[in-house]
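Listed after this line are the structures, all set down as structure tokens.
In the two complexes that follow, chain A is the common piece, with chain B as its partner first and chain C second.
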Partner chain A sequence: MPLEIPKDKWPGSVRTVTLGAAAAEGGTRTKTVTIGGQTAMPYLHFEASPPHPPAVAVEIKSRPPEDWSPLLLEAWGELVNDPAAWAKKAEEIGADLIVLALTLADRPEEAVNVVQSVLRATGVPLIVWGPGQAEKDNELLVPVAEAAKGERLVLGICEDKNYRTIVAAAMANGHLVQARTPMDVNLSKQLNILISDMGMPKDRIIMDPTTGALGYGIEYGYSVMERLRLAALQGDAMTQSPMIVTPGFEAWKTKEAKVGSGVPEAWGDWKERSVNWETITAITLLESGADIVVLRYPESVARVKQAIQELMTA
Partner chain B sequence: MQHSVTFTYDDRQAQVTVPTNTLLSEAARLAGVEIGQPCGGQGRCGRCAIQVTGGNVRRRSTLRLSTADLEQGYALACQTVIEGDATIYVPPQEKIERRLTTDRVVAEVSVPADYDYLLCQTVRRLFVSLPPPSMDDQTDDWSRLQTALRLQHSIERLTCSLGVLRKIGPVLRQGEWQVTAVVEYTQPPDRSAARLIDLLPGRLDEYAPLWGCAVDIGTTTVTLWLVDLVTGMVHAQVAEYNGQIARGEDVISRIIYASRPGGGEELQQRVLETINGLLERACKRVKSPDAPLTPQQIVKVTIAGNSTMMHLLLGIPASSIRLSPFITVVNHLPPLTGREVGLAVHPEALVDCLPGVASYVGADITAGVLSSGLDNAENVMLFLDVGTNGETVLGNRDWLVTCACSAGPAFEGAGVVHGMRATSGAIEEVWINSETLEPTYRVIGGGKPKGLCGSGLISLLSEAFLTGILDKGGNFNLAAPTPRVREGAHGGEYVVAWGDETATGEDIVLTRVDVDNLLRAKAAIYAGFTVLAENVGIPLESVERVLVGGSFGKYINVEKAIQIGLLPDMEWSRFEFLGNTSVKGAYYALLDWRKRERITHIARRMTYIELSADNTFYEAFTSALFLPHTDLNKFPSVAEALSRTHKKSEEEAPYATRADTNLS
Partner chain C sequence: MALTGIQIYKLLPQTNCKECGFPTCLAFAMKLAAKQVELSACPYVSEESKKQLAESSAPPIRLVTLKGVDVEAKAGNEICLYRHEKTFYHKPGLFIRVRASDPDLAKKVAAADAYKVNYVGIELTIDGFAVVADSDLATAIQTIRSISKRPLILIGDPAALQAGLAACRGETPLLYAADASNADPMAELAKSHPAALAVKAESLEALADLTQRIQAKGVQDMVLDLDGNTLGEWLVRSTQVRRLALKNFRPLGYPVLAFPCDAKDEAIAAAQAIAKYAGFIVLNEFKPELLYPLLVLRENIYTDPQKPIQVQPGLYEINQPKPDSPVLVTTNFSITYFSVANEVEGSGLPAWLVVTDAEGMSVLTAWAAGKFDAERIAKAVKTFNVASKVTRKRLVIPGHVAVLSGELEAELPDWEIRVGPREAVDLPAFMKQALN
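Showing the complex of A and B:
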């Protein structure tokens, strides 16, 4: 008797979201990225293949990063002093998206300039993060949103205590928003409701459920993402946004990636270990439903893209 | 088409001519008749009720009016349009201060109908006449008294303390062997065993008051009722914040404080001071023609309170309550005396501490179940105690399950910047005009406001939410077009009353921190009962009645409590507000030994469900930490109210313009 694999049929699906706008849509991107649209749990091809592959984003900063691992600085070299060149390089090595993180030191006009120069240097869609301090985020992201009107940027990071200004700026200028909540299904849902209540179309919201690196709480992040995805497939409209996560940021915070000396020899080669940490974190998160993974190390991009290709093959 | 509308108010009349479909409220404005519209003319508050005494009108909404109101011709001025000539009676302002159909007011305390001092009371005053001793009868005083009580009152076994023994000789002689014994029957209904509480010279008036008191020791509020045990009547009701608050707001921090050297003694002293202060206050309230009443005349005290409060009152180490496996030292306490406990009452007074169920379900809940009548209910009912510890009991006369969660003191007005107890000067109700965002409030006692009590906080939170001052996450919308929403020390805040209208001269505000505390409190309570109901597989819809206890005011507006997601979204008629159910239960137990036994029985048969055993409570809690709830489908009436508020403000704008045109 042939074995029949039971198949789940879900009433809901993940919302399809497009980042970036080409000239025809009022932007300047040569490529746009569409994510979401899944109607089954991740990569269960016998139920339904995902209509779009997940995207890999590379994180760059408006100013040379001060707290990054020496391995990252070594890998990008002089590029860290020139965000436009850095972004261009990232695109060349396969980044589908660029994340440009602004810093506290940036003034509004500098932020606008750096965003525009990165847009000129690249053809892929852009995600712009404020420095992560409510007032400063609002001060920088509002002029950026206006200057890049129509580009369908993703503006972030919205949190429950500070989302109104960013959402309003994104709505007025045709951008998307990244909504971050601290590893909790209900909180993700709540922030989505708050943002939608302002009138933001739901297909312009990307959820950031927050995660941890391998060995540093990834299982919590994994479980939250899995439950968000299950809720989405069950038809809960407020959990149907695609998900963005930051394995690069998380992995490069760990001691294993950050520290090269004074660690047990059994840990092996520093660089190899660090890249593994970042890629395994990223791939694990893809398996739990991530639609965008934000990476930092150049070599990780190729490895994760390879894994995506394999995951997308039925 | 034009119509003539005549308004009668304050014995005066005003007449105006308006076109068809003019709102009554607009016609009144044109006629110069003032009709308050606290909610901004959205038909939400019911404060603009007027009486149509004749003519043609059409009521677009009657949301706030009962059938009886409608039969008497009442209509909401802001929701009623003119379709023909009409005559309108505008009731005076105080009549407009009517209760809403959604208000649930605590009933006045009344002596239970079945109370009979001679049958129910365990503490009694007995007149005894003793044969004087002589050279022929050299029986000692104590034996003589025992014998007299046996012969005259069938008391076979009489006990007493050394303190009383020291007193009997002089009293017997002072009364010339005619004395009044105050005794406690220790094993009711058996009248053959008794303890002598006091001996007084002479024969006292049989119907003179015999004083007892019922006490509820809440984590935040202590409540005391002074009762005449002969008639059963409550002569004074007093309440005060628990003096222990200064050493921690919740039971956990109190237990931690108590385990420090000297901490337990300090907490014990603090709560005793609170109770003794209340005893003084209560006694002063009793007008006595002869000597003033003193606490020392109180001979019976019945105490309810959560398990931690009971332990701390009695100086019993409470640390095991906090640590796994979370057990108390004692749930069923033996009878104690005033002297042992340290109360300012009669030193030999019976101090009866009611029994609890578990560490986090104490005597306040067993007493609450008794006074709510849940343990006698035929159908399934839900009892919620909206206090610092949000306890929930679900069940009927056949079964009772219970759980507890820490809600915090916000609904008792503590832990809120301008919070206060529900006493004179507290704002107990707020309406916010959804167009101007201006508030209208009602103050207990009618004077200038001093702060906000629990019911005021509930209605303020709900109004701020419905009018968009707060978003669903409890964030203030700083872009709201009113100076009342402003940046405060810890985020946004809303000014309910400006300094020049308050008793203190300070602005009364609701801050972001207050909102967070209120949200946590309501989320804990909501999560508690939903998880409990899920645990036993009872859908909330099948709960026949929801009995709400809590000392946050004299009444609760059910609709507002639903709008913030504190109470489940059910028909308003299924809710009943009982006020402080714990002190009421203690009062019943104080009067009647049968009720006291029923509490013991309740404590023994309640099943306790530990919420910390898995993460379902936490999940339910975070999803309830939103206005009204993350899942709006659970609150259909709130979803409707939200869409109504938004739609109304859009709809009515063009109408106002039309009326203005007609005026010119």
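Showing the complex of A and C:
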């Protein structure tokens, strides 16, 4: 029998956003990454194929991480002492983007140096996170923004308490911003409004709706992302930014991923469980609309990239 | 599609005899449409009308129940595409694939069947076995039945399945699978046992034709195999089936069966199947490190978005605390409570745990929402009479809400307030070192 498949026709679409700038546009990237542009819910090819695949970012730190799982430290080995080499390796294993997380211990000139050395070592676009304390974020991200003028970095993480200085620095130097709100559709919209009211072009904002890890609140993130994406397709301009989420950070915070001994036997092999934890968190968020997933473990990167390739073909 | 009051009225006798307790047939029809009365209240509805009314009130996705020996797995009866619209109801069953020819069958079944894992106080297990009839099925089923009571999916051709069915009388297994070439004998088997029947075709059109053909043979309980090769293809088909079913397209109004066991990355395909509408899921083998995250994902996706999973506020005793054991305070969000309780319990150290009523929110969420502040904590300590149980008034608060310590000292002047670590994992070490 001939079937008539019900199709949604949406008036709105996700904004197209490009990260990184090549020499011709005033940067030094050999690759740029474009995300967004969807006119349908995730991977519903029978309505409209997504024009761009989602991107996989790998998170590295300016200094050797102190609270990371031993599995992560083992996987990256000596590289954690050398952000440039670490970033290069991440690019080699398939990262579309690098996230460089600065720490509280960094001084402004150190932050600038590490950003520049990572830029020199890699060709992919760069996202730079401050350490997450408003004052320190401003102290580090402003000089970084100036030193990397024209690179179309993504600067983060803007929250309602500390977005002004970061947005101003991004605007003045041709960068993008990552706007984070705690799992709430209205808060996402509000922060987007505040940031665009400062004069930031909308195609330089990436929303971070925040998520929880598998087992630790992922269902809230999942549904908030679906609702944000539906709102975007319905034409709400303030929800039309592409979305970035941090399954690597969230998953590796859980006991399941962090701890290898003294846990229930029913949890199974530590390493496989941890990688599954990160990978499954990431894939679930991709299904609900993530445009960038930030990961930590090399094998998860390969698995998620393979999955994205499959999701993009139907 | 549910009928309107007027449509229902047309199917009633229209005599206004009032025996149903309503003044007119129309009034009764309106109540029926609102599902506030039962059709049986009217003694005069014709058989034909009954049938039509039953059909229109049937759920858009048929509830299919597989039965083992006193153990069931149900799928179907879902009513939405996105979980925030209402909720997802029947968690997809996770089945482990085994082979009849496997010399280690008994061992493998025993390990998987005994598997139990605790997640926020809920005990999670697998749901059943999918048995490939690559040698004598009846013998394999007997072996399984000597170990496990869980429902079965039987995979094989009609002859093999027929032999197997003799070994599971009184059960409702799922037979896999009817396709265009064997639909008649398969339908016959499913009908005579009776069993549920998986149906398989290369396109949704062909699938819809086949389910109708099989239904005409008297089989009601069907399950759809979508046969998508890539994640993208499977997602598209599963979404299309869900959409059509929710629009009351009956030929595809059945639960979906997924085979992540045949995908490139089993974990990823299974995660997609859980989030995107599968009713039964077949996994390749029993691996705790895969099963545990999948079972947790299933709990998460199928949680009612309107109600966070919570525990009862109160004073909990861990490892038989004594009057000088420390008092810890946390919120009544299940995930929070169990992360703390499990850590302390695992350490063997005794403690009192005050679970405050934070409306089912995590520590920081509740703090940000004003549901976990000094006042509430103090109130809980008083309400649960904690002071009467301890000789040493020492209260440990979560590190994430260190800011509360000043106010709490004011609220509970005769208590010593201690700031604990931020994460529960670090609690045992803290209790050993800092609390002596």
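Here are a few things to note about the model shown:
One rule holds in what follows: the second predicted complex is superposed on the first by the 313 of 314 C-alpha atoms of A that agree within 3 Å, B and C clash if a C-alpha of one lies under 4 Å from a C-alpha of the other, contacts with A are read in each partner's own complex, and residues count from 1 in each chain.
The definition used in the following text is that a residue touches a chain if its C-beta (ideal position, glycine included) is under 8 Å from a C-beta of that chain, and two chains touch if they have at least 3 such contacts.
These figures come from a predicted structure and were not determined experimentally.
Placing chain B and chain C on a common chain A by superposition gives a fit, with no clash between them. In the superposed model, A:V259 lies in contact with chain C only, and not with chain B. When the two complexes are overlaid, the chain among chain B and chain C that reaches more residues of chain A is C. With both structures placed on the common chain, the touch criterion links A:D197 to chain B but leaves chain C unconnected.
In the superposition on chain A, no contact is made by A:Q234 with either chain B or chain C. When the two complexes are laid over each other on chain A, the CA centres of chain B and chain C sit 80 degrees apart as seen from the CA centre of chain A, to the nearest 10. Within the superposed three-chain model, A:K189 lies in touch with chain B and out of touch with chain C [touch as defined at top]. Of the two partner chains, chain C is the only one that A:I218 touches; chain B does not reach it. Shortest separation of chain B and chain C in the overlay equals 7 Å (C-alpha atoms, whole Å). Residue overlap on chain A between its contacts with chain B in one complex and with chain C in the other: absent. Those residues of chain A lying in contact with chain C across their complex are 1-3, 5-6, 43-46, 182, 214-219, 222-223, 226-227, 230, 253, 255-256, 258-259, 262, 264-270, 272-273, 276-277, 279-280, 283-284, 287-288, 303-304, 306-307, 310-314. Those residues of chain B that touch chain A in the shared complex are 471-473, 475, 477-479, 491, 619, 622-623, 625-626, 630, 632.
Note for the complex: chain A touches chain B at residues 160-161, 164, 184-187, 189-191, 193-194, 197, 238. Across the complex, chain C meets chain A through its residues 82-84, 115-119, 204-205, 208-209, 212, 230-233, 235-236, 239-240, 243-244, 247, 249, 251, 264-265, 267-268, 271-272, 275-276, 287-294, 296-297, 300-301, 303, 305, 335, 339, 346, 362, 365, 368, 423-425.
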